[in-house]
Amino acid sequence: MAFISSGYNPEKPMENRISDIGPRKYDEFLPPVIKKNYGQWLYHEILEPGVLMHKAESGDEVYSVRVGAARLMSVGLIREMCAIADKHCGGHLRFTTRNNVEFMVDSKAKVKPLMDDLKSRKFPGGSLKFPIGGTGASTPNMVHTQGWQHCHTPATDAAGPVKAVMDEVFEYFTSMKLPASVRLALACCLNMCGAVHCSDIAVVGIHRKPPLKDHAVLDQICEIPLAVAACPTAAIRPTKIEIDGKQRNTVAIKDERCMFCGNCYTMCAALPLADAEGDGCAIMVGGKVSNRLSMPKFSKVVVAYVPNEPPRWPSLTKVIKQILEAYAKDARKYERVGEWAERIGWEKFFEVTGLPFTHHLIDDFRDHAYYTWRQSTQFKW
Amino acid sequence: MAFISSGYNPEKPMENRISDIGPRKYDEFLPPVIKKNYGQWLYHEILEPGVLMHKAESGDEVYSVRVGAARLMSVGLIREMCAIADKHCGGHLRFTTRNNVEFMVDSKAKVKPLMDDLKSRKFPGGSLKFPIGGTGASTPNMVHTQGWQHCHTPATDAAGPVKAVMDEVFEYFTSMKLPASVRLALACCLNMCGAVHCSDIAVVGIHRKPPLKDHAVLDQICEIPLAVAACPTAAIRPTKIEIDGKQRNTVAIKDERCMFCGNCYTMCAALPLADAEGDGCAIMVGGKVSNRLSMPKFSKVVVAYVPNEPPRWPSLTKVIKQILEAYAKDARKYERVGEWAERIGWEKFFEVTGLPFTHHLIDDFRDHAYYTWRQSTQFKW
Amino acid sequence: MAKHKTPMLDELTKGPWPSWVDDIKGEAERRKANPDNIDYQIPADVCEDWLGLQELSYKDMETHWKHGGIVGVFGYGGGVIGRYCDMPQQFPGVAHFHTVRVNQPSGKYYTTKFLTDLCDIWDLRGSGMTNMHGSTGDIVLLGTFTEQLEEIFFELTHNMNTDLGGSGSNLRTPAGCLGKSRCEFACYDTMALEYSMVQQYQDELHRPAFPYKFKFKFDGCPMGCVCSIARSDFSVIGTWKSDIRIDQEAVKAYVGGEFKPNAGAHAGRDWGKFDITAEVVNRCPGQCIKWDGSKLSIDNKNCVRCMHCIAVMPRALRVGEETGASILLGAKAPILDGQQMSSLIVPFVPAEDPFDEIKEVVEKIWDWWMEEGKNRERVGETMRRMSLQKVLNVIGVEPDARHVKYPRENPYIFWKEEEVGNWDRPIEEYRKRHAR
Amino acid sequence: MAKHKTPMLDELTKGPWPSWVDDIKGEAERRKANPDNIDYQIPADVCEDWLGLQELSYKDMETHWKHGGIVGVFGYGGGVIGRYCDMPQQFPGVAHFHTVRVNQPSGKYYTTKFLTDLCDIWDLRGSGMTNMHGSTGDIVLLGTFTEQLEEIFFELTHNMNTDLGGSGSNLRTPAGCLGKSRCEFACYDTMALEYSMVQQYQDELHRPAFPYKFKFKFDGCPMGCVCSIARSDFSVIGTWKSDIRIDQEAVKAYVGGEFKPNAGAHAGRDWGKFDITAEVVNRCPGQCIKWDGSKLSIDNKNCVRCMHCIAVMPRALRVGEETGASILLGAKAPILDGQQMSSLIVPFVPAEDPFDEIKEVVEKIWDWWMEEGKNRERVGETMRRMSLQKVLNVIGVEPDARHVKYPRENPYIFWKEEEVGNWDRPIEEYRKRHAR
């Protein structure tokens, strides 16, 4: 391989440099029917799972076919999507805020050929390249993060468990038979790059062993005061240790004060937490961000720990299905998972989902914990 | 006056001493109809304001006539109550948990003579000795504390403002026309010896000037570390000061960190807060302790400050009446003040009561404050 | 003629509500007149000086009581609140003005004999002024001199067979609602429990052994007529397990208008005809009531025992027959870190004399709190600092979703090594898998 | 034949959901085959090594990416995430595996031309693998070597007229819902605002000047399709002031069953006939809808604009005509002190290009946060530390009951001397009134 220069000259980095231009303006990319009717939409209909029709004041209609995507995708796959868009959609497509892909056409007649084309494409292993669905009262694509694919702090993988979960709940992606849309999400560590803290059902990677201390290098690669300050529970203090007869500055950690947030590792590479036996996932439930009916809600931890079981995380997917099915059976129309749990009471939630309630689920972090305890005699037997 | 010995011998305090006997057993004090039907009550009725009838399984009935009391009462007044109880009630009476007095009779026929007697008695200034009421959807007696009558830390008086308020809302004490019972309370400082933190409408005495420092005596009468530790906002630190050429240990206070809780004064008499100009009352609203309909609730501060205006606290009583009347007009049957405010939304509460919302009412104490802010776009214009 | 002019206080003799100013003035006059020729053991003009001092406070808008004052009776760490005036020259009658807390009987029922005897003591040895009752529940005798304290105590114990209440870092005087004595809602006998507890824990009540004060309050049912959930460290609240008992005929009588809803509590206003659907069915927080026009049915599994339906129709509905209590822990006033209500720790406990199951819980909590609690830390604060699960562990109760309003929102779980496996891994092993 | 055996990963080729494993494998094969004869600038077997490394992670159940790695393009403090493998000998193709964040266009609409051009760059200079899109909103190009970073940047800016997104203690790449481009609910033009903001604040996006990261997200209405309230420091959410517009005929069509409720979102199950009372009227959180069988009326003063009624009957109801936005501040993930959603700071702001009113608020907040924020303290944490009223003061907004869910429960008010009067009193004066 020979180095191909873009034109950039490392000797003179500012020469001919273009910077601070931002993204291209969106209107360059809009399909004509969208551009024409921008801001003049009247209403929409979901014709079938994955197919939206938006009606404009002008009478125009745009049909959007939504397909699931792994988000982690190759340029090969993107080129394939472009080919489809060129063939059916005048060379336009879009991605949704949950990493689904939308192919838009401007007349009903174009919908079926587009859908047939999408349906026909599969990966070698048999999985669909472009499953249609994710609209209305469904489980749209699972928001997620990097995991073992790309990040340095994960306590679980991202794309792997997501694939396993989406396979498990696939029938709910392609249908609209849930009481409301159920947003799934995964974040591979407590940094929570996915919207786990406000999702209907969410998975978050957690560590459960306190950081290792790489004393031999710690003071060379870390600023000890920053590491100490990083800990929200004040578990870390500076200390000295003798290694090979030499005094070294390092840190000591009060293990029983650690709640495994990993913030010290973020600040100091000599404090890794990852551990096959310790790591796994917690499951959080009942969050939402929309203001529809009830105000936005945080997700609550309902399963403290599920072990990492690659490649297909069977325990994890089982629990999620269990929650989803209890919800599907019991909730009212329009009722989000969290609204349902609040209406029936969290004590009933554990009963109907069959999940055990354990001491881990009682908040004991910071002062606010108190407000989550029950200051009432109201509860159900 | 000659010293009259009880029999106690200060030389030999343990001689003939009786201790740890506790209170007398309640059953010595029960009226016969109560004793007979103990635990066998079937139901009750409120025959008119202040008059309860309880029906027992045996068919017996007990009629209780409830009268308001100032709580602060002389032995002369107690003797007068005893005379009434002797005359009508077989020598029994009781006090309620809110310091009302109940005269009980065992037949309906005895009710009217009792009531007539009670109604006939007045203080020289014209106030009633035994106003009948405080049952059902009324404003029962206002729970309160010591104030300038007896305590060392008050920021307002207790019995004075209570008298002024009860006069103002008197028609609601003697009737049952409110949507639900409205419990009033007053505590003369943030120690809150009254149940202010969970009352429908409550008054709490507040200081607004940081403690004075009596440097000249501080280290003699206080343990400086205790004074420092007493401050929840860490506003106090030990320091040294020169008085009359002598170095003295004392404390310094960061005034802008003080929120006037008075806890330092509780721990150290050399840090008084009382100040005519600084002191006054905050008004809190919407608390409750019963589990009926909704769970118990804390009261919320809706008026940050009303000045002390002895002897009749006109601004205070005006605001309370204002709240009470807005509530009476707008709330649903059975709805407590807090339930009403939550249903209409606190923004409407301020609108319908006509109270101004000020920055003081936004929580800024500790971490939990965040949870009281509005994480939603749901609100009313 | 009054000793001091009290023009401001006099304004408080007006208006319909009982005037404590008139009451004190009356007492002042009685003492002056002294028809029974009592040899007052504290200044006869105590009430006059008290009025004078209060008038001064009304003028200054500041209290005139000095900070603290440690007085008491021998061998007890509480029961008396010392109080001195900061203007003793001007108001010698209240130079001392200590409070004596007398432990009230359960339910605050009295015979006139008992009260009269108490008045006799207080006429002779005190100001003649009282609070009936203090916020904690005591009979509060307001204002006496130090020399009288032992005498009062002696007379209370010897002549009245009655003891002092609590103050200081002690168990405080327990209090309860009147419960079974006159209330059909009572799920257990609050007055019996209160008596049993106060007798059992006399030592804790009188001798400071705790980090801070500790209060018991006993409510017979979720209505909370003694505010235990808001005002006591240890709140015992009656509840029931089995089905709400329904008398269908009586329900119809309410619907038909023969019985007044809520026992007539709303009779002062015309709220229109009783509407069982709007007023009961739709308001039920468990959403578990059905009314088909002739039959009321309750899905008790979804009932949260809020008692609204029972309160509205007390002649038709009664609490279930299997009764007991819930225990909640930790209520307190705002100092230091904000007000707390008690939090549920035991969803259900049987509550029958001698109440052993309840006492067992209390004692475990005390043992732990005396070990772990900091100076001046209420048990609710210790719980808040050390966690609810810690308390459950201490009392041996399995954590249950009923303990929380909702599960934690942060995944910051304090795992323990026993739960996870070996924490003490060598960094060298890790570095074999992961180069630096 | 694959370079590394991946038996575990291969399990993830099964099942209906698109398999990223098959996708990477396909890319690996394409690179190997290289039909277009591309002179790959990073190892041709990058995808194979990546698969191998992931297989190892699946076995070890630990990540094999090293901590951090500071790389970037000249003059920018963000846009690239450095990443190195901790087993570079075994997997040299991913020894470097840096991420390039490309700023996506508003609404994520693309032409195939744009995407294809991007693919060309990434075929040549990167792994050929992407995330479409990252959680913040960027186009995420996954995996390249350090030497390629400037080249990629040069090609992006010169050939594609497109810039990098954010990372580090910068403004992050803004994101918005598709808003007016295709949604009838949009109360303002989210895509225009997103574009306007990202252009205006290029410097803040590329050069770290903040205490920590700062995110903008723009939702066109309270539905929150881009989760701004949960995932952005500065959340602008469309709202309206005037009355909800009602087409009574269309309401009847819903009631009559001609139109499907919620645009057909629930068509997959038989929920029975649409019941406007149960499904809309009774559920309305403002309790402000009436339906008399032929006319729907809304008491807009009590509407909280939750949009439920509109979502259920989009052909009958429309948001009010006077539209604008609410601004909320401070959402973030849990580290350190727990997750936060954004809190309302400006109930209503007009939102029309050039959006000056919104920019004014942002800039005031930045000035304050840059002054007061601690290192690695998100603006929401600064607000939590310094109070909501402080922020309102900074942006010049009058405190209003709308700012809170409920007023404070503690009376711990931090009064200021200006509000109260002289604080500096001599103790001697006090002692004149109050003896020690």
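Labels A, B, C and D are assigned to the chains in the order they are written; within every chain, residues are numbered from 1.
Rule of thumb we're sticking to: a contact is a pair of C-beta atoms (placed from the backbone, for glycine too) under 8 Å apart; a residue touches a chain by one contact, two chains touch by 3 or more.
Please read all numbers here as calculations on a predicted model, not as lab measurements.
A.B. asks: When A-D is set beside A-C, which has more C-beta pairs in contact?
C.D. replies: Greater number of contacting C-beta pairs: A-D.
A.B. asks: Approximately how many whole Å separate the CA-defined centres of subunit A and subunit B?
C.D. replies: About 51 Å separates the centre of subunit A from that of subunit B.
A.B. asks: What whole-Å value do you get for the distance between subunit A and subunit D if each is reduced to the mean of its CA atoms?
C.D. replies: Centres of subunit A and subunit D (C-alpha means) sit 12 Å apart.
A.B. asks: Taking each chain's centre as the mean position of its Cα atoms, how many Å separate subunit A from subunit C?
C.D. replies: So the centre of subunit A lies 49 Å away from the centre of subunit C.
A.B. asks: Give me the residue numbers in subunit C that touch at least two other chains, ranges are fine.
C.D. replies: Residue numbers touching two or more other chains: 60, 62, 64, 66, 222, 229, 285, 304-306, 334, 337-339, 341, 405, 409-412, 434, 436.
A.B. asks: Where in subunit A do residues touch two or more of the other chains?
C.D. replies: 190, 197, 232, 261, 269, 272, 274-275, 291, 295-296, 298, 365-368, 371, 375-378
A.B. asks: Touch graph across the chains, line, ring, star, complete or other?
C.D. replies: Drawn as a graph, the chains make a fully connected set, so complete.
A.B. asks: Contact residues on subunit C for subunit A in the complex?
C.D. replies: Spelled out, the residues of subunit C in touch with subunit A are 222, 229, 237, 239, 241, 285-287, 300-306, 326, 328, 337, 340-344, 347, 384, 387-390, 392-393, 399-417, 419-423, 425, 427, 430-431, 434, 436.
A.B. asks: Which residues of subunit A touch subunit B once you look at their complex with the stated criterion?
C.D. replies: Against subunit B, the touching part of subunit A is residues 291, 295-296, 366-368, 371, 375-378.
A.B. asks: Taking the complex as given, what residues does subunit B use to touch subunit D?
C.D. replies: So the residues of subunit B touching subunit D come out as 190, 197, 204, 206, 208-210, 212-217, 232, 255-261, 269, 272, 274-275, 277-278, 282, 284, 286, 298-302, 304-305, 341-350, 357-365, 367, 369-381.
A.B. asks: Residue numbers of subunit D touching subunit C in their complex, please.
C.D. replies: 60, 62, 64, 66, 86-88, 334, 338-339, 409-412, 433-436
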